[in-house]
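Each of the next two complexes has subunit A plus one more chain, namely subunit B in the first and subunit C in the second.
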Partner chain A sequence: MNNKEKQSFLSKPAVQSTLAALLCIVIGLLVGYVALLIINPKGATEAIITILKNYFTYPSPKAAMKYLGNTLVKAAPLLMCALSIQFCYQAGLFNIGAAGQYVAGAGAALYCALALNLPWPICLIAAFVAGGVFGIIVGLLKSYLNVNEVISGIMLNWIGLYSVNMLLSGVKETASPYTVQLASTNPGALLPSLGMEKLFSNNKYVTIAIPLAVIIAIVLKVILSKTVFGYEIRATGIAKDAARYSGMKEKKNVIITLFIGGALAGLGAAFLFLSGYEQWSVTQSSVPSMGFNGIAATFLGGLDPIGTIFASYFIQHITSGGSYLDKNVYPSQISDFISAIIIYLCGFVLFFKLHLNSYLRARNEREKQKPIAKANKEEGGKN
Partner chain B sequence: MAGNSEYAIEMLNITKRFPGIIANDNVTVQLKKGEIHALLGENGAGKSTLMSVLFGLYQAEEGIIKKDGVEVKINNPNDANDLGIGMVHQHFKLVQCFTVLDNIILGDETTKYGFLQKEEARKKVLELSDKYGLKVDPDAKIEDITVGMQQRTEILKMLYRDNEILIFDEPTAVLTPAEIDELMEIMRNLSKEGKSILFISHKLAEIMAVADRCSVLRRGKYIGTVNIADTNQDELSRMMVGRDVQLVATKEDKEPGEVILHVENMTVPSKLHHNNAVKNVSFDVRAGEIVCIAGIDGNGQTELVYGLSGLENCTSGKITLSGRDITHASIRERSTHGMSHIPEDRHKHGLVMDYSLAYNLVLQRYFEPEFSTKAGFLKKAEINKYAEKLIEQYDIRSGQGAPTIARSMSGGNQQKAIIAREIDKNPDLLIAVQPTRGLDVGAIEYIHKQLIKQRDEGHAVLLVSLELEEVMSVSDRILVMYEGEIVGEFDPKKTTPEELGLYMAGAKRQEVGA
Partner chain C sequence: MVLLLQYTLLFASVLILVALGGCFSEHSGVINLGLEGIMVIGALGGALTLKYIDPSTPKALILLAVLAASIVCGVLYSVLLAVACINLKADQTLVGTALNMLAAAAATVIVKSINMAENPDNVSSTVQYMATKKALVKNIGSFQFNWFMLVALIMLILAYIILYKTRFGLRLMACGEHPQAADSVGINVYKMRWAGVLISGMLAGIGGIVYITAGVSEWKFEVGVAGFGFLALAVMIFGQWKPINIGLAALLFGFFRALSNVYSGFDFLAALNIPGSVYNMMPYIISLIVLAFTSSNSRAPKAEGIPYDKGSR
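This part shows the complex of A and B:
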């Protein structure tokens, strides 16, 4: 009996995903550690601990809370990008264009805030729509011209980047390539914190963005698993032909899915830039990595919105932790390297599940065989 | 070579397990030299696994294989080839854009200084083709020749490699009746020349016609071997299924009612080529009759059904369902207004394979108020209740009932689920496309009964089938399709499979529907 309970526990998909993700993380960290050893064996142990400790390196709990806040501020947009990719993935679409949709959202939010002096709710909506429009373009191309969403998504990433650079060059500081500070130009566009800053030692960047991102993740989970829309989206993703056969409008679904995906990424950008934590550099010539890191977070999260919450936090945690390394000895990209290894291992999640399941089945079978072998002769393999 | 043994190949006490299933449980098959030995079993009985063991694709956990009385180890297909074992697969393994000759020598080419020596090969192929009556044109490309000739190419491939033991895996599935007769003749010739043949099939008539002995498998277990001369179809089917089966569907005469489906000059373009797949086709299906579209695969039946169900747009023509013009109606509209469709490809169209059985059972109805709220939430409890009802009513068997993932169900039960879903919609017109393909005798019997029940209840049924036996026994009226046109209309009571075969192959046609 005890054995049986253990089995059903292990065979739960959520448990399996978690186990697989933890395994990926452990292996990723080990490989990262090896890389640190190669670069400089002396401080490697200390370095990997620094990455893992992130804000805990600060001895005072007050400071630690403050820097936990910083990690969360960046985890929220990452989560949004991850949700964007995840939502589209459920419909069988690989939304690598999330990076560009994120850029579009950033451009729209900052332009509304700095050039048009609009309050934050309007800026959020603008980012939502801008990201969504970028998603819709991909969706229309996919549905009506059968253009692969990966190709059109990547190309739109660049179109988005340079358009936003142009758009925002009117609101940049005279002496630097960065956009002007929100706090001094239009404080009304800063996201409200609702007193949460107090919890994080007066970290003013901690805003409603963080709980909002978590709530959105939960809402998405409900939509996907409990609604007619989610039923259609997933059916379209798993079996496009069956969806069409059953009379679903699969083209319309693809477009709506990409609109929502794009809007989520765009909103993610607004969550970061409207917190005032970062400014946009109008001379940047590579697409911000947030959208791409979202891919890692969503796969590490086992393609589940709730799992993605934790995965996004973890990836941001080690990314932030990497910035505490001694830059003279180790490149701060070591965290990116570890995340990259983890993404690479995410393919392993499926592999792990497959093997765990076949192991469980085989064990189950052996258990079953014992009594059957004794008692039964004819009816062994019934269905 | 120790040639004393009576047997060419013996597979003794073979046991092969897969996770969760014993595919072969202590199976013994002994192939005598020069005999045609049939291997009979339903789908999933373990025939393919057994052949894969013989071919070295799988290793058996228990049991031994003997060739000419000497134990051999077959670790991979090359070992099998070296032992002279060859196989004609159900789906031919031919390079479409190569010639017949190129395909035959592929993998066993004679070369000189790295250059192909085709002349020798051609001579050998022509000799073999003469000797066994295997008519082929060595210079024709595979894509241009008939399925029958492709099969002969496959057989020549085995003979070219001097294989002594020939395995035919369901070889008649793709052939017309005339071609089947021809193949039977070829097999007899081969065995006369001393080749030993293993003939895998679930068609009893063919086994009775050509085999010397027959071994039967059921659910992975070896049931027995019988001499064909001492047995009959009923006994074989009982051995295969484990109970008495009604092999031929029976139904009472019934006068058809009003016209339910009216198709006028329908034309549907092809996805494969620039011509139309369905050309100017007109027909009616009435209430209380089963109209069957017969024909060889690829003559426009698939596209005809796509046109009717809305999966493909018609370029011209008119479709009326129960008096309503549905020529330009959406798939959903057709589905909710009296059309049910059991699709040809149940994995591609019929089911969302990674959805649960319950979700699949509402695939056409999830949006109805019965199963979803106005706010757009699914009523999971209602869906499950409905699924339980259908599972009970249609005897759909699965591991865990309603929450079972469709992918993990057996083919027969997947098909039962689709049939339950489509029939329970209470349609005016039921379109069933090859509903029994790949299913075992028991499931076929069940499906035929359901189709006839629909007819008896006064629904119109349009059946598309490639199996002539099914066509003859189930339908009330037969339309033969050839190259996108309906070339003949027949009463199953007044025609023969041979006559239908002539029309299916395009040798004859009558003017119908004019």
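This part shows the complex of A and C:
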């Protein structure tokens, strides 16, 4: 009896996803630890603990709370990028262009805030639309001209980066390549915090962006699992031709999916840049890694919006933790390295699940066979 | 003008090498989106060789050593893709992307640790190879000939011969078109796909070192290779998976990429006063347009992207 319960527990998809994610994390951390050992064996153990501790490095709980706030401020846009990729993946689309849609959102939000002096709700909408437009381009190319969404996405990442650099060079500080401070230029564009900063030792960067991102994740979960639209998207992802045969407009669905995906990533950028935590550097020559880390978060989260919330937090946790390393001994990119290993391992999750399931099935069969064999034997004895 | 020609040929060489890599991999049935990452690792191997080799070594030897290091690094790194995509049947898009991120992170970590070990205050991710880089080039008048241009040309011809004139090449392509049929006549599909991926690792590895030694004599590994692996894929699609067409497509893309390096040298272009960002964007915009026109009736190998499973039909 006990055995049977354990079986059904192990064969639950959610349990399997969690198990697989934990396995990926453990192996990823181990590989990261080995890398640290190779760089400098003396402080490696301490270094990996520093990465895992992140803000707990601070002795006073007050300071720890404050830096937990900082991690959350960056986890919110990461979650949005992850959700963008996740949503598109449900329709069978690999939205690597999330990075570019994020850049477009950042450009739109900052331009509206700094050049046009608009209040924050408008800036959010602008970011939403800008990201969405970048997504739509990919969607149109994909559904009407059969362009691989990964390649067009990458091309748009670079086009977006250079465009935004051009767009924002009008609102940068004279002495540095960074855009001017939001707080001094247009405080009305800062996202409101609704008193949440008090919870995080007056960390003024903690805004409604964080709960908003979590709410959006939950809404997406509901859309995907409970609505007709969500069903159509998943059907398109699993079998495109079958979806078309049963009357779903798969081209329209692809375009809408990429619009929503792009809009989510764009909104994510607004969540970060409208908190005033970071400024855009108009001379940056590489696409921000937020969109790519989103890939890690979404696959680690088992392609589920709720799982993605935790995964995004974890990825941001170790990324922030990497910045506490002794900069003269270990490069902080070791966190990126660990994240990348984790994504690579996520490629094996399907394989892992397949084998776990076939193992469980085989065990189940054996269990069933046993009493029959026993009965047969007894019967044989009688004759 | 000479400079424009020189950079066009250089960037075209990079694109030819990497696109041919993609071509071999896709003809065998595996979509290699990790080309970008393989380029970075190949570049890292070559750059470190340039850094540590004695500048008084004969030039030909330096060239060969760099080439060998890039090839070895590229091939070893592509093993990660082959294991995951061929044997473990992982999602090829996901693994390719993971390899790109892993390469960027790993290269930065490795270079930074080397720099820090030499000098604790040097936390940059830059590798310098001023002295030894001269071995790679030969000045003919004002034109700086790079030996890698020759390598690319040789590879292009070899690729054509191998793919269309040898038993190996034809079998390789069969595995990308209809692996079940190939298997039924006794071709080992897994082996062929491994070969395809490893060849792509070799070519992308060389492409990486050519890219980072084009014009500059130091490289910051945090930057990676700026989407060149993906540009090469666009070249490959534009070239319809055929070596000769790929060569021509690479020249076109190389020209636009070269323009962003040298546009300020042309009076009439400088007079237009277009921001540098526009020239930087050019190759990516062109490739989007080109893809839009060439993708709808593509000659992509039929079975690419689908893991081969002996048991399924």
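The criterion applied here is as follows: the second predicted complex is superposed on the first by the 373 of 383 C-alpha atoms of A that agree within 3 Å, B and C clash if a C-alpha of one lies under 4 Å from a C-alpha of the other, contacts with A are read in each partner's own complex, and residues count from 1 in each chain.
We take it that a residue touches a chain if its C-beta (ideal position, glycine included) is under 8 Å from a C-beta of that chain, and two chains touch if they have at least 3 such contacts.
None of the values given here were measured: they were computed from a predicted structure.
**Student:** Determine, under the contact definition given at the top, whether A:Gly195 touches first (subunit B), second (subunit C), both, or neither.
**Tutor:** neither
**Student:** Given the superposition on chain A, which partner contacts more residues in subunit A: subunit B or subunit C?
**Tutor:** C
**Student:** In their complex, what parts of subunit A are in touch with subunit B?
**Tutor:** Subunit A residues touching subunit B: 226-229, 231, 234-235, 238-239, 241-248, 358, 361-362, 364-365, 380-383.
**Student:** Enumerate the contact residues on subunit A facing subunit C in the complex.
**Tutor:** Contacts found on subunit A: 35, 39-40, 94, 96, 141, 145-148, 150-152, 154-159, 162-163, 165-166, 285-286, 292, 295-296, 299, 327-331, 333-334, 336-337, 339-341, 343-344, 346-348, 350-351.
**Student:** Where on subunit C does subunit A make contact in their complex?
**Tutor:** Subunit C reaches subunit A through residues 33, 80, 84, 88-91, 93-95, 97-99, 101-102, 104-106, 108-109, 112-113, 116, 120-121, 123, 125, 222-224, 226-227, 230, 233-234, 237, 275, 277-278, 280-281, 284-285, 287-288, 291-293, 295-296, 298.
**Student:** How about subunit B: which of its residues touch subunit A in the complex?
**Tutor:** Within the complex, subunit B contacts subunit A at residues 19-22, 25, 219-221, 309, 311, 330-336, 341, 343, 345, 348-355, 359, 363-364, 366-367, 372, 376-378, 380, 397-399, 410, 413.
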